[in-house]
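First the structure, which I've put down as structure tokens, then a few questions once you've had a look.
The first chain written gets the first letter, and so on, giving A, B, C and D; residue counts start at 1 in each chain.
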Amino acid sequence: MFFASDNWAGAHPAINERLSKESTRFASAYGSSDLDKSIELRFNEIFEREVAVFFVATGTAANSLSLASIARAGGLTFCHSEAHIIEDECGAPDFFSGMRMVAVEGPDGKMLPENLVSRIARYPQDAIHHGRAAAISMTQATEAGTVYTLEEIDAIAKIAKDNGLPLHMDGARFANALMALGCTPAEMTWKRGVDVLSFGGTKNGCWCAEAIVFFDPQLAKDFAFLRKRTAQLFSKSRFIAAQFDAYLKDDLWLSLAGHANEMANRLRAGFGSLNSARLAWPTQANEVFAILPKPSAKAAQEKGARFYDWLEPRDMPEKVAGDEALIRMVTSFATTEEDVDQFLAICASA
Amino acid sequence: MFFASDNWAGAHPAINERLSKESTRFASAYGSSDLDKSIELRFNEIFEREVAVFFVATGTAANSLSLASIARAGGLTFCHSEAHIIEDECGAPDFFSGMRMVAVEGPDGKMLPENLVSRIARYPQDAIHHGRAAAISMTQATEAGTVYTLEEIDAIAKIAKDNGLPLHMDGARFANALMALGCTPAEMTWKRGVDVLSFGGTKNGCWCAEAIVFFDPQLAKDFAFLRKRTAQLFSKSRFIAAQFDAYLKDDLWLSLAGHANEMANRLRAGFGSLNSARLAWPTQANEVFAILPKPSAKAAQEKGARFYDWLEPRDMPEKVAGDEALIRMVTSFATTEEDVDQFLAICASA
Amino acid sequence: MFFASDNWAGAHPAINERLSKESTRFASAYGSSDLDKSIELRFNEIFEREVAVFFVATGTAANSLSLASIARAGGLTFCHSEAHIIEDECGAPDFFSGMRMVAVEGPDGKMLPENLVSRIARYPQDAIHHGRAAAISMTQATEAGTVYTLEEIDAIAKIAKDNGLPLHMDGARFANALMALGCTPAEMTWKRGVDVLSFGGTKNGCWCAEAIVFFDPQLAKDFAFLRKRTAQLFSKSRFIAAQFDAYLKDDLWLSLAGHANEMANRLRAGFGSLNSARLAWPTQANEVFAILPKPSAKAAQEKGARFYDWLEPRDMPEKVAGDEALIRMVTSFATTEEDVDQFLAICASA
Amino acid sequence: MFFASDNWAGAHPAINERLSKESTRFASAYGSSDLDKSIELRFNEIFEREVAVFFVATGTAANSLSLASIARAGGLTFCHSEAHIIEDECGAPDFFSGMRMVAVEGPDGKMLPENLVSRIARYPQDAIHHGRAAAISMTQATEAGTVYTLEEIDAIAKIAKDNGLPLHMDGARFANALMALGCTPAEMTWKRGVDVLSFGGTKNGCWCAEAIVFFDPQLAKDFAFLRKRTAQLFSKSRFIAAQFDAYLKDDLWLSLAGHANEMANRLRAGFGSLNSARLAWPTQANEVFAILPKPSAKAAQEKGARFYDWLEPRDMPEKVAGDEALIRMVTSFATTEEDVDQFLAICASA
């Protein structure tokens, strides 16, 4: 009953097997091997266009270097107030990009377009003192486990375009969002106006596989230097490539994310049918946020369930009573139906 | 015949097997798992004292964050003119630490103590304009494949102590140096006066396993923040721990390095007995630098051998004739006697 | 009728005269002259204790370097949401200190203690992902022209102390606040718990005279390097010292600020008696914020008055009607009664 | 007898008078006043083309921000081994630009073209590990008091052009160099291929007047943000403009530099005729480096002369005997013939 985070899971057997195979041979280092090159081409197929792809060590690195690659002097990046880049990466995006992150409010983890517009308006291109708008970053799926619809992405992308700002997507849970929307990778990104993507594999079955995808390869012209200067260039880079090789083969990544979403849906349904609990907001990918009596939460933990009490967002206090807990449950490729059902049974009986 | 670099090798089977085993279970993230903790304790044993250990993604990160952890405002770090931190890390040490790297000359890749003393003297603690001496970094084994003797480390450490400077050791090839000297890890480090160590596993049989070891845990008090802020904290950190688990078990790391050194020695002996070639300088760990006729080098490459033409250090021109090549050969745990002998045979016959 | 900002004024004759006198002699550079030293001692007298004082070029530098001197890795600085350091310095505080600025809300430009407490609670000392609380910065007088009372400073200082955080005061309008409270410099700073002060002279009659005052000289031990590394050490530093010499002599600085406050009060009283206008919030130092019909504002501008339309703070919309303007008027040592009265007459008649 | 540095002098009466006049009026802040604008136009005249001009607080800021404006990710700036940017600015150029400074050797404070070529060749545009060549910075007049001839500037500029590198000139003593060469500002800069200039006024009669001149205004498009983000934008910027107003009027700047050079020449001639002393290298601007018996140097200091013992450059030891001192004497607009002659008399008699 490990629902603390999808990064508590191990690695999928197919990925593990591919790593084993890779370990027995020699190959050139620092991303120059044939395998590295072939995986880069695979991304072209997946995104149905020429892209520039770079592997990095962590999701924080993917976000921070994405922003560094589109930074402007004195620039500001707009993101949701609960976005990883502003609240969970210890200032790495600021340090790598030299930009400040500006919070935009909106319900369910999504920036509200009108809030985004009004925030951007405070920082015009000649605002030397305030700093100038320089980028927008959206998280898909969001930190709240919700997913921007294609129309919602369009709305954000239009604001980006109207203001001449590049659009970054933090796709730490990209595959989960894709499965939720049932669209193609291209449809969820560059066809909508996304310029740079943090493409995460770690939370979805790899042990360490993060990439940055530039939909306009020109944007990436300085990237090799930015990556090396931030100590993110692996010498045995091909072991990242090997993970992606298995991950992307035969749509493994999509089926893993589909399973995780399904398990979240099972949790959601279960909590929805409990009298003693309710959902905090919609479940759309692989995260479920529920409000339940504190004793239930405690009982579940004592019986071995792992999940996090959630820091209440700013608009939450009225929703959660003093004797209630708001908890986050995250599912992954490794979550089983048995785990879900056992967990629900405990909550129901507590 | 892959002698280009030890990072062209794959991963050792025992390490690979340990990774496979780790992949099947759940565990808490970001370095908080039991496995992470137990490996940290293993480092205490290996170094015969309480140390603080942190995993990072790359050797460049290990060096750059080591320096960041001991940085002073307006500080300068002294290192050999061919050190990785000054010539091969694209400014990452400067960026992460805010310090400038200052080159110290010396033969065979080692800082000459008198040169170090005179360089430091130019930057006293009140030198606001020049900047002030803040750290010394030595590479063991060196970029030239040589190894500082214990007495030579003592000499550098004394200079560090006399000037109140912390001493960093770049141990990307730490195990190779250890086997060359035949001493214990403690004897090569803190017993001599080393304060912080970049402990490399990647070049010696892991696919990605680098650690920073603080011999005074107090030095590490801010380190968790420095690491996160530079995007170097793995979510599935325990996969690094798993590699180190196998790496350190039953002295695997030492036997792998011993093998690599032996293969280098076999190369060295072979080149020493060729009339047409000679060694550029002593071989003490797992790198061999030889000068041979350009046609020989070319013939070897055409027959599949991989190695690098070496950028001649400043004092080399007089040593290498116009029709000669200075080449670097690096051996690893995966180098075989057959590879070495075949390579030597080609060079002999060309 | 120049009410746009107190930095539109020139320099006071006494300061100008002192600069002239200084220009005729030789003296040692970079802050080492006798004059520099004697002014440093003057600050000891003014603050009734030993302090460390450093001159810098701009108020932004004073704030940014103050924060740099008390920064922690992965640290966060808490300040009011309208503070200069978060909204008007183009990220200089972030760049120099490596910290992120976190906005705390509160009416009239002052942080509300309960908001400050709850914001700090989100960033405990082991919050590696979120970042950790590292400093509090308060502005005195505030950006809204209000002044924290001694009791209000005590409340902020207590929060700082309870959380082990250093307390910075942005005193760009320090003298105006002092005259508003009628207390001593010591009483408004270190006796309350302020650790570092940006002491501004530029807005109050100097042409360029900003200093950082450390109430614990130990805090300043690295400062000379921080200042030089950010290009803020003047070679002819004594010309800053000369300005402060005249500024501090015979309480000139206090009488200049007193005059500015008086002029603001005259404006305030005038607006208070107009039927067509009202004050947006209290006037306590040398800034007046008034709401008046847009035609009145326009008429005043056409007749030569200079002031800024104010970007409405977040809680303002309900206060200002669509046909009204919220304007900021700033007075200085150079503002005359005639200017004030003429301006009020125009507003009254429009 | 103040020969320690030209920054020990005060300010010229005409500049002082212009400052006084400026102090009595109101004007808009942050560089937007009419005076600021008119001085910017004056620079167009002086350089015979449209330029973009920005005032900053210090020479270190001028250099560091010049480099920041032309920086590339992972970039290296090549400069003489004794250049201010590498040895005397405490890492500010590295911090502001994110680049590393690479030392190029050459006699008399000038980069030797062949050395520059060979250093650049080590850092090609795809050198991700080493970093890539990104800029060249030359100092005119040099730190050794010598002046690059127009042909020597051409040689450096050609190397810059051949390698696609922007060329920066550190003109802290620009006017002195100009008078030494007897050419126009245009001829010494953009007509030779200089892209960005640190234009210094402080050492030549202002108390604080430094500017950055971009010969291609396009290069400056982000500069306003770079300057604000480094806390270098003066609120009362017009007081810098006022200094330049007097400085540039009726060629005052040229006559002041001419006088300083003449005084240096008088010193040079005097030392040349002493049996007991000799010049260390040629005197071409306003700095004289002489070798004299230590007792003479000491006697002069005891009689009130001020100058610096010079840190011997690397190729000096053979030139200076154990009982000799290498001293630097700098002249300025404020140096008198009497001072020079008195000083020479003391040295002659000691």
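Just so we're on the same page, contacts are C-beta pairs under 8 Å (C-beta built on N, C-alpha and C of every residue); 3 or more make two chains touch, one makes a residue touch a chain.
A quick note: this is a predicted structure, and the numbers were derived from the prediction, not measured.
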Could you tell me which chain lies farthest from chain D when each chain's centre is the average position of its Cα atoms?
A
If you tally the C-beta contacts for B-C and for A-B, which one comes out higher?
A-B
Averaging C-alpha coordinates per chain, one finds the centres of chain B and chain C separated by a number of Å equal to 51
For chain A paired with chain C, centre-to-centre distance based on mean C-alpha positions, whole Å
41
Taking the mean of the CA coordinates per chain, how far is chain A from chain B in Å?
35
Overlap residues in chain B, where contacts from two or more other chains coincide:
30, 74, 89-91, 95, 98, 128-129, 131, 225, 228-229, 233
Note which residues of chain C are touching chain D in the complex, please.
2, 4-5, 7-13, 15-16, 19-20, 22-30, 56-61, 64-65, 89-92, 95-96, 202-203, 207-208, 225, 228-236, 239, 306, 334
In the complex formed with chain A, which residues of chain C make contact?
74, 87-91, 94-95, 98-101, 122, 128-131, 311
Under the touch definition given earlier, write down the residues of chain A that touch chain D in their complex.
30, 72-75, 98, 128-129, 131-132, 222, 224-226, 228-229, 233
